[in-house]
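In what follows, structures are represented as structure tokens.
Both complexes shown next keep chain A, but they swap its partner, so chain B is in the first and chain C is in the second.
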Partner chain A sequence: MNVIVAAPRLAGTWFRSHARNWRIILFCYLALAPVMALFAYVRIYPIAWSAVLSFYDWNLIRARKPFVGFANYLRLVSDENFVLALKNTLTYSVATVVLSTLIALPLAVFLARKSRLSAFYQTVYFLPVITPMVPMAIAWKWIYDYNYGLLNYALSFVGLGPVAWLTDPDIALWALIIMSVWKVLGYNLILFLVGIRNIPARYIEAASLDGADAWQKFRHITFPLLKPILLYVLVTATINAFNVFTQVYVMTLGSQAAPGQAVRVLVFDIYQNAFQYFRMGYASAEAVALTFIVLGFTLIQFRFARSQEIA
Partner chain B sequence: MATRNPGRTAFPRRAVLKLAAGGGIAGALVLPRRATAADVTLDIWTGYPELVPYYQSVAADYAKTNPGTKFTFFSTSLREAEQKLSAAVPTGTGPDIYDIGTNISVNFIDNGLIDPNPPEIDGYLKGGGWNRFVVDFCTIGGKTYGLPLLEGSKASMFYNKAYFHEAGIADPPATMADLVAAAQKLVKFDASGKMTRSGISLRLSGQGSGVGEKFRYVLEAAGGSVIARTPSGKYHNNYDNDAGRSALQFYVDAVQKYKIDDPKVQHDAAAFAAGATAILWREAWVIGEIQEKNPKLEYGVVPIPKWNATSPYKMLLQPWNIYVNGKSSKKDAAWGFLKFLTNQENSLRLTSMTGWVSERQDVNWKPLLDKTPQFEVFVTPPKDMDYYVEPILTAWDEIESKLADRLVAAYPDPSLNGNPAKVAASVKQMAAETDSLLKEAGFYGTT
Partner chain C sequence: MIGRAKRRTRQSPVVRLLILLTHAVLMLGALFMVLPMLWMLATAFKTPPEIIIWPPRLLPQAPTLANFTGIFDVAPFGRFFVNSVGISLVSTLSVCATSMVAGAVFAKYRFPGRTLLFGVIIATAIVPFESYMVPLYIQLIQVHWINTYQGIVLPYLFMAFGIFLIRQHVSSAIPTEYLEAARVDGASEWWILTRVMTPLSAQALSAVGIFAFIQAWAIFIWPLLVANNPLLFNMEVGLTAFQFKFSTDYGKLMAGSVISVLPMLVVFVILRRRIIESVALTGLKG
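Here is the complex of A and B:
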């Protein structure tokens, strides 16, 4: 009898418990729906629409916008400006990501030590991150000035002659890289610092008891445990580097500016095609290509990080 | 027998009828007023923020005789204005009136977003207030569009009188060869060989159509042009020739052979106002810049030199027009205001207030010239001046910008120094790109 009575009870409990779970799940989705809808509208929809536009000869003003299939993508390969922009962007991205990581990591190790001035230095390094890009790029334009620039003035103290940082086509891209490394250094530094401070102190103490020196502790404890942070830094820095635009736009404006071709990067080329020449379709094809390039680099970084974890 | 309902307020029928009649009369008086052109708000957009005080001043005067007309103004940087208009006008959300360059307006005209001028405005434009180059500039397919507001170029040669006096040069140079000779005397270097003052400030770096435009000052003087129109209405490059090679050679020599300018030193109006250069080719707005930054500067303004003694003076005309939006519902009111805005009195006001030169040829400039004689060459150029205008072509901005990208790379390129064959090869490459862009846009032809 008991069994007969208990079965519907159990079923009822199971049903009520699942119904409650479903209600909670439904509530979560409903609560998230407005934000998700907004995200889809302002992020997903434009990306999808860009992909659609890339198959059209879509001029912003012209009424006729014919479907051209893959013609925009095929044209990318033979477009000198696109190829140059891709080359410059790759150089810029690799240099910025590598330099900003290589400088930030030892600085973070140094600042992780308990010191009275540590907070001060962290603030100093982080200040460029929160400074808006446009005024900062204008300030750097002055710093790089051949005649009155601070950088050439500093070089004169060590007996070096002035450098045409912006106007020399061979140097202009590197001037941009220096400025960008300065800008992102603080961000990477803070991330590494958080990672280092989260490493349990007992690991370092144990290594010290075993007689490990500072380099050995870094090599065998700090660095391996920092890998997730390092991956995050590399991925975000790569994405940001490929999207460089504002500093290029500011530094090529006016007569006392960098030669356009020397610092042509992908987003600048996209901007010019889209908003100066109104070739929205072609610019969209460039944007889609850029998305796949960044996605490719990100996947390579993830795969490399995973292979290191397995090893 | 009808009885009154005690629970309801009584409205005598006569009172209701009176109210209805009163309301009808009031409505009849009010509604037509709303429909007249007198009660309108005109939205005006510009990419030149310095024009806003001028627009406001003219609008205030216009409102005195047209009290129902109100105005709103919006201004932003030129590039942003171009983008906003390009997005707003086709979607019917643009302003009633806007000033913009032909790189944008020609696209709007092509797509029916700007109507041809009404007969009254067409007659006003052709009535003698503007010269034939300017009227032609506003004419596409036999119909006129918009009204000329200001001259975007008319570049002339600013020269520092004190430096000329110091170098023993009596008169400003009249030919390009004289110019190079004068600039060589005017340029200064320090003991280490670093240029401290350029002989002339050319546009040698940066990006965009401005670089191409400055190259044209020499190219046109030498007898070439970036593109030429064929009798059938097609276009092709017109600088893969002696003129084009000479123009590029001029710039390369200025930087590398004669060393009268250097991409590294300070340039443009700021350099001229600061005394960091002796000569500058620029538009009239530089006068305002000098008045603001260095009012004591002794300078003169003359036409850009001829190519040689027998060739003519040449001047770029780049009329900047103002248009009524083809989708505006207040076109009559908008045209009424534009006629007032571009009359003789307000044309003088434009130049006096902003430094931008009005395109009108029938303005009495005396009050302005008494105050600032340097405006003379801009407002009353020599009678024998040859003008060339900005081509009205959808692909023009791209052609000029891409030419500019190649020019800034060529000017300091050491392999071009003293190497006419390499200069010729560079010009050929640039010209091929120009033709390719024309082909792509469907404008290319040689016959």
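Here is the complex of A and C:
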């Protein structure tokens, strides 16, 4: 979270200390020039332009691209696809973030004690994090298969009938959530683990001497000290969840696939509007909405963390 | 060791049972984590009839390489693989170079606009790529970079997070006296950056490199947009195009998937500790 917190020390005194050293300043600008040029071209400019585009009826295959003011935004509100995508993305994000955090945290508490087995678990749970999404989504699609899928086979042992994991519109989104939790769990686990191991052992020992039980130690020492890491995990997990696309794309492709509407998410909707219907102005309005939602969630989480600290 | 042994004997049977139970749950969890990969691997070696037998068997009864040889006939997977390697290497090298230079300059030099420039880099890092890919795509149309390698790799040539990480490392781990000493000896700033600060940042730089490589290997939505020519596909886009054509041929699909996952698994096996440490580092300082 230092990304936001650690503002660089103000270079206010550069004038006095380095005014004669203009060569060094020149060096700084020359060294930074390539990176900053690249940065301006692939990030600053498109971010700014996406805000501008959102006020135009900008269609890739039409020459006339009139300014339409807030019309794109007004249309968003009544656009069934957008509202559905927003709802699905929200469900997906909240479920994925909450589940992956709730599973990773106790896991990390248990694995915090250094042992050979702990290292083994860390490795295994982390494995999905480094695997690319596309092949794993294809593998999961095969696992979710209604007729020959491994999951329905496993369920048959406990007497549960075959579930149409992907083709049932009520379940498809949850199939996506399970897969995504599987993918990100290890990342959260490692971050929590680092946080817990950084807590000075003497704090816990002191609590033990005072007769605190395991839950009390977690509640009053581990958890409060873990809050910065928890905040970091929540923020990054939320941002990533809101940008979900690859899994959705793969799982809605081909036969035995999820129905597009059931798992329609924001980025998928942006992708369709911009690159299948070429409505790039409209897609940009959606993109701006996405950015503000992500920013909003980040701010709320920071607010919440701060109010907790004061309390 | 003695202390630990003592503590162990003191554990009550109830506690030991609880620990045992937890391990059982963790083992089940571990199985859940690796099963998709094992299932993918097993399916890749199965013949078409064996893929759809019920009940399914994990191990192939008559292992075959036909799926692996077969995919190269239906799509240029060799080309996809080479493209992925090329894109990932170029991205990794560029991210390391730009992170090192920018990170070092932001950490050790004071110049007008430093706070502003660094602030802008960090502030825009939170804006999702997916929300500005549309205008970026239009920009590439204008410079005729759609359907080119440079167009695919362009957004992955630097990483705001890498700049941040190196800056943190350089400002906290490299004493300014080192730089002063080199300066007194008549070293140029560029020499100091490349010969003093870079070697001293090897560890942080390798973390950045690992990240860049893992990220670049998995890129999907951008090459999906920019590469319309199959010869420019990376593994990920190639796989989905292939999935679209042969969505029922899971043997071949899994074989292609294995080829896409394998390099990451190899990297992970070799650099396991380093990768986990790198993630830990980002959690601490990110």
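Just so it is clear, the second predicted complex is superposed on the first by the 278 of 311 C-alpha atoms of A that agree within 3 Å, B and C clash if a C-alpha of one lies under 4 Å from a C-alpha of the other, contacts with A are read in each partner's own complex, and residues count from 1 in each chain.
Keep in mind that, in the parts below, a contact is a pair of C-beta atoms (placed from the backbone, for glycine too) under 8 Å apart; a residue touches a chain by one contact, two chains touch by 3 or more.
What you see is a predicted model, and the numbers here were worked out from it, not measured in a lab.
Touched residues of chain A were counted for both chain B and chain C, and C has more of them.
Looking at the shared chain after the overlay, A:T167 reaches chain B, while chain C stays out of its contact range. Shared-chain residue A:Y232: touches chain C; no touch with chain B. With both structures placed on the common chain, the touch criterion links A:P259 to chain B but leaves chain C unconnected. Contacts of A:I44 after superposition on the shared chain: chain C is touched, whereas chain B is not. Of the two partner chains placed by superposition, chain B and chain C are both touched by A:F275. In the superposed model, A:L117 makes contact with chain C only, not with chain B. In the overlay built on the shared chain, the residue A:R62 is in contact with chain B alone; chain C does not reach it. Legend: residue contacts after superposition of the two complexes on their common chain; A:V194 is shown touching chain C, with no touch to chain B.
Residue overlap on chain A between its contacts with chain B in one complex and with chain C in the other: 60, 147, 253-257, 275. Chain A meets chain B in the complex at residues 59-63, 81, 146-147, 161-162, 164, 166-169, 252-262, 264, 272, 275-278. Residues 1-4, 6-8, 10-11, 13-14, 17-18, 23-25, 27-29, 31-32, 34-36, 38-39, 41-47, 49-50, 53, 60, 107, 110, 117, 120-136, 138-140, 142-143, 147-148, 150, 153, 182, 185-187, 190-191, 193-195, 198, 229, 232-233, 236, 239, 242-243, 245-246, 249-250, 253-257, 267, 270-271, 274-275, 280, 283-284, 287-288, 290-291, 294-295, 298 of chain A are the ones touching chain C in the complex. Residue ranges on chain C touching chain A, taken from their complex, read 22-23, 26, 29-30, 32-37, 39-40, 43, 51-52, 54-56, 98, 101-102, 105-106, 109-112, 114-115, 117-122, 124-139, 154-155, 157-158, 160, 163-164, 168, 189-190, 193, 214, 217-218, 220-221, 224-225, 235-236, 239-240, 243-244, 247-248, 250, 253-254, 256-258, 260-261, 264-265, 267-268, 272, 275-276, 279-280, 283-286. Residues 79, 82-83, 86-87, 90, 104, 107-108, 110-113, 192, 194, 201, 203-208, 210, 263-268, 397-398, 401-402, 404-406, 408-409, 412 of chain B touch chain A in their complex.
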